[in-house]
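Common to both upcoming complexes is chain A, partnered first by chain B, then by chain C.
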Partner chain A sequence: MVMAAILAGTAFFVYTQVARSSYLTGRYLERQQPVQFSHKHHAGDDGIDCRYCHSTVETTASAGMPSTQTCMNCHSQIWADSPYLEPVRESFRENKPIEWERVHDLPEYAYFNHSIHVAKGVGCSTCHGQIDNMPAVYQENTLQMEWCLACHREPEKFIRPKTEIYNMQWQDGDLNAEERKVLYDNYKIRQAEILTSCSTCHR
Partner chain B sequence: MSMSKSRVESRESRAGRRALFCLLPSAFCLLFIGCGVRSDMQDQPRYDAYEKSEFFSDNRASRNIPEGTVARGHLKENKALHTGKIDNPNANLQVETATDATGNTLVSSFPNDIDEFPVPVTMELVNRGQDRYNIYCIVCHGPVGNGDGMIVRRGFPQPPTYHDDRLRNAPVGHFFDVMTNGWGKMNSYADKLSAVDRWAVVAYIRTLQISQNPSGTTAMNANTAANTMPPVGTSNSNTSGGAR
Partner chain C sequence: MQDLKEIQDRVYPPMVEGDHSFGTVSDKIGDLALKKKTPFFWFIGFGIAFMVAQLLLISSSYLLVKGIGIFGTNQPVGWAFPIINFVWWIGIGHAGTLISAILLLLNQKWRTSINRFAEAMTLFAVACAAIFPVLHTGRPWLAAYWLFPYPNTMGIWPQFRSPLIWDVFAVSTYATISLLFWYVGLIPDLATLRDRAKNKYFKFIYAILSWGWRGSARHWHRYEIAYLILAGISTPLVLSVHSIVSLDFAVSQIPGWHATIFPPYFVAGAIFAGFAMVLILCIPLRAWYNMKDFITDTHLIYMGKIMLATGLIVVYGYAMEAYFGWYSASEYEWFMVKNRIWNGPYWMFYWFLIFCNGVSIQFLWFKRFRESPFWLFIISLIVSLGMWLERFVIVVTSLNRDFLPSSWAMYSPTFWDISLFVGTLGMFFSLVFLFVRFLPVISIFEVRTLLPEANVHGHQQDFEENVLEVEYTYDKTDPPNPKVDLP
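What follows is the complex of A and B.
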């Protein structure tokens, strides 16, 4: 019986570790895209605001993928002859969207809305990591339920001021506990019982 | 809890224990398979935003609005608000253009653009304009509108500065028209900025103009809605400082 318990415990531990591994969550795996688009260059070096391309993040569930015209706002003029950008020009010429590889794919039984998160003080980098340092974007977190709940139980530990939502350099240590409490109250975030209720995310 | 456990244990025979022992690994194998394979619950028979569709010939699940239809709440009744143009343009008065040294085609007369904001110019509107400007416009026009944004430094043709007499005296409808329909090398930003947001950006551009030319403030106020401009003027000391 003791042997069985030890074996079961070990098996359970191995199971949880494998379930959280990037093999099953897709975490840290860079995706190859049809265009060699670098967030490091555009968001990092050029300092373009996230919302220039992901322009519906404040108003809709999806953060928004840029239309090819958004690319052409600049690339009709700069790097306009680059062979790397031929898929972009082709998309623009033939009116066919670029088929990007999805990096963050939540299971469809989970309801997620970007707009409420950025409105209540969750910054981009809190979930997506330092995108401005990623030449090819990868998933920074497991996107598992335990990870969602870690914040829904104690949102005050993860929120930041409204002006810093799109700041990729923001560190959670930039605020002390009292400032966080004030922020939490000002954002009027609901109590943890509601945020962790089943139907908040499974509708 | 312990009671039931002991009862279960006492009921377990030797053979039962052995069966359990064999079952455990197979149960874990099943769990692994459950995790590795996406089940129906995870990919439900509906479209997410931007999802690929095998049904439509162009493979786009997000469909364009059929031509000639107006979405609820999107009827552009108010011409001034949605176009920045006056109601009865004089057909004899055409826009005059000139070409500057860098090859930009510049509008030099603005006969059909409205000269007053169709929305009340408030502190909130200017702040909203600053917020939007710093996302969509700053990349080329630069923090104060000199036309030295990061993308221009990367090689994009330089846009004209806001801070010359031509654009200081341009009616507000002109800026709105350029944002709505594009001009020269600049594409339309109507898909990124709602009509009210575009007016907010116009208000912020006026604020920038005042910030770079404080002595000209009076003339500018006379040129735009005189009664609504003072809040813009007073905000300039706060906003331009941050923008710089």
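What follows is the complex of A and C.
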């Protein structure tokens, strides 16, 4: 009986861990893209702002993927002959978008909007991690519902000033609780009951 | 002395008839499981039941492929066959628990020869009941998170304020305790079968199942304690499980469901339906297997009386439901009562239900019907049907005419609604047939305790002393003070 209880307990624990593992969530797994594009180089070393490419992040549900023309703004001038960039030039010539591999894939039944998160003080790195350190982008978080709810239950712990939204080095500890409270009030974030209501995300 | 024998038989009707000793009891009951030749009717009965059970397989597979659109359930009747069938099956189980737990604690000896298969019936009924809540969403593989509170990856818990989650705990506790109770009671008998089995495979299986029971005094001591503890745990379950099932309805605000009488009325209904099912099972069983010595006419009469008593409580419940509807002065409640009884499209079902549960049991007032297994069997069948209709009437008539006339609609089951239900009936009877074939249907060792030789200084002596004493004191002017130990 004791053995059975221990086994059952262990099995249950293993289950809870497997259910959250990268094997099931794809967390930390780097995705290879059709072009060897490095966020570390562009966002980190060159310091290009996130919004240069993901231009609709402040206004629409989707942050937006850059068109090939956006890439060619620079790459018609620099690295214009690089063999690495041939897929980009090909896309430009043939007027066919590059088919990027999606890294963050939410299920269809979850409604998500980038603009409201940015508007209410959730920075890029809060969900996506330090993109400026990622040569190939991977999923920093599980994207499981409990992860969403962790923030929706106490949003005041994860917000930052408007000016710091695109700061990749921001840490949650950079503000003390009082400053965050002021921020929370100024952003007019709704109370947790509304943020965690079913229909907030499942519409 | 002839008179004395007569009085004695009326006060303590013999629970074992015929000329039996310890050995013949073991032979008679044990042989059902051990006898080499399975009777022909068993194959017929099991065959039919098992074929019907395939309907369950087919309809649940089809359900998983197509989704719950195959059912007739739709707005405004959003609860229909699945919950009707669930409540019906769960209710049937209650007689088993009542017989095994409450009658044990009340020291009612007559429970002894019917408790084993009544408990088995409980288990099988609960198994059938559990099918419906699991399947009714069409996605049983997601059942874990909406049934059980565990740290799931969604970071949410079931709604603890909902009676549906109370149901999960009530029913799973009930299933667990019933299984333990039944199994613990089986252990000494499994050891008997182990010792008597000729077939070495059967012997091996019975040996494993009997957990090394040798029948030593220490074994018996522990057994008695364990059995009493389990009886103590089961006793509140007889009342709590169906109370909680009734709260599925009563906690909501639907007219006709939102009534305080629901818990006691459901519990009485459950015991009523359960005894009907016990009678349906035991009347053919004792006839086919010639078990009339153990399941005597007295047993049937007692069960008939319990059916009458609980049935009357249920009828009182119907009367109160209608009365509350009027007395509430709520327009919706009173409309529902009128709709249910004479004004609505399902009024015929209501009166059919009243006939089944209210009128048919009135025959049990008469000795002639109580003492006739045939009539008891017929009445039990009618009552089982009536209890199913009761749930149908409660669920459908309350929902089909709801607050908004624009959303009124009729409900009718589809083929798959019915086939799933009939399939569970097949599964139930298949399990009953398997049980009858492989396990002792009547508790061998407990029946032995009913024999005179088990009770050398027992009732006979008590009875003579006490009754004679009563008669003696009665002659004097002293007020009689009979101290008769009831069995």
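Keep in mind that, in the parts below, the second predicted complex is superposed on the first by the 195 of 203 C-alpha atoms of A that agree within 3 Å, B and C clash if a C-alpha of one lies under 4 Å from a C-alpha of the other, contacts with A are read in each partner's own complex, and residues count from 1 in each chain.
Heads up, the rule we're going with is that a residue touches a chain if its C-beta (ideal position, glycine included) is under 8 Å from a C-beta of that chain, and two chains touch if they have at least 3 such contacts.
Predicted, not measured: the structure shown is a model, and the values here were computed from it.
Asks: Between chain B (first) and chain C (second), which, if any, makes contact with A:Gln144: first, second, both or neither?
Replies: second
Asks: Which partner does A:Cys74 reach: the first (chain B), the second (chain C), both, or neither?
Replies: After superposing on A, A:Cys74 lies in contact with chain B but is clear of chain C.
Asks: May I ask you to decide whether A:Met1 touches chain B, chain C, both, or neither, giving the answer as first, second, both or neither?
Replies: first
Asks: Between chain B (first) and chain C (second), which, if any, makes contact with A:Ala19: first, second, both or neither?
Replies: The answer is both, since A:Ala19 touches chain B and chain C.
Asks: Output check: A:Glu99 vs chain B and chain C. Expected answer is one of first, second, both, neither. What do you get?
Replies: Touch status of A:Glu99: first partner only.
Asks: Quick check for you: in the superposed arrangement, does A:Ala119 touch first (chain B), second (chain C), both or neither?
Replies: neither
Asks: Look at A:Val35 in the shared chain and tell me whether it touches chain B only, chain C only, both, or neither; answer first, second, both or neither.
Replies: Neither partner.
Asks: In the overlay, answer first, second, both or neither for which of chain B and chain C A:Gly47 touches.
Replies: Once the two structures are laid over each other on A, A:Gly47 reaches chain B alone.
Asks: Please indicate which partner A:Ala192 is in contact with in the superposed arrangement: first for chain B, second for chain C, both, or neither.
Replies: Touch partners of A:Ala192: none, neither chain B nor chain C.
Asks: Just which bits of chain A does chain B share with chain C as contact spots?
Replies: 19
Asks: Under the touch definition given earlier, write down the residues of chain A that touch chain B in their complex.
Replies: Going through chain A, the ones touching chain B are 1, 4, 7-8, 11, 15, 18-19, 24, 46-49, 51-52, 55, 60-62, 65, 67, 69-70, 72-74, 76-78, 96-97, 99, 107-109.
Asks: Under the definition above, what is the set of chain A residues touching chain C in their complex?
Replies: 12, 16, 19-20, 142, 144-150
Asks: Can you list the residues on chain B that touch chain A in the complex?
Replies: Listed in rising order, the residues of chain B that touch chain A are 9, 17, 20-21, 24-25, 28, 31-32, 35-36, 38, 41-44, 46, 48-50, 52, 58, 60, 134-136, 138-139, 150-151, 154-157, 185-187, 191-192.
Asks: Once bound in the complex, which stretches of chain C touch chain A?
Replies: These residues of chain C touch chain A: 150-156.
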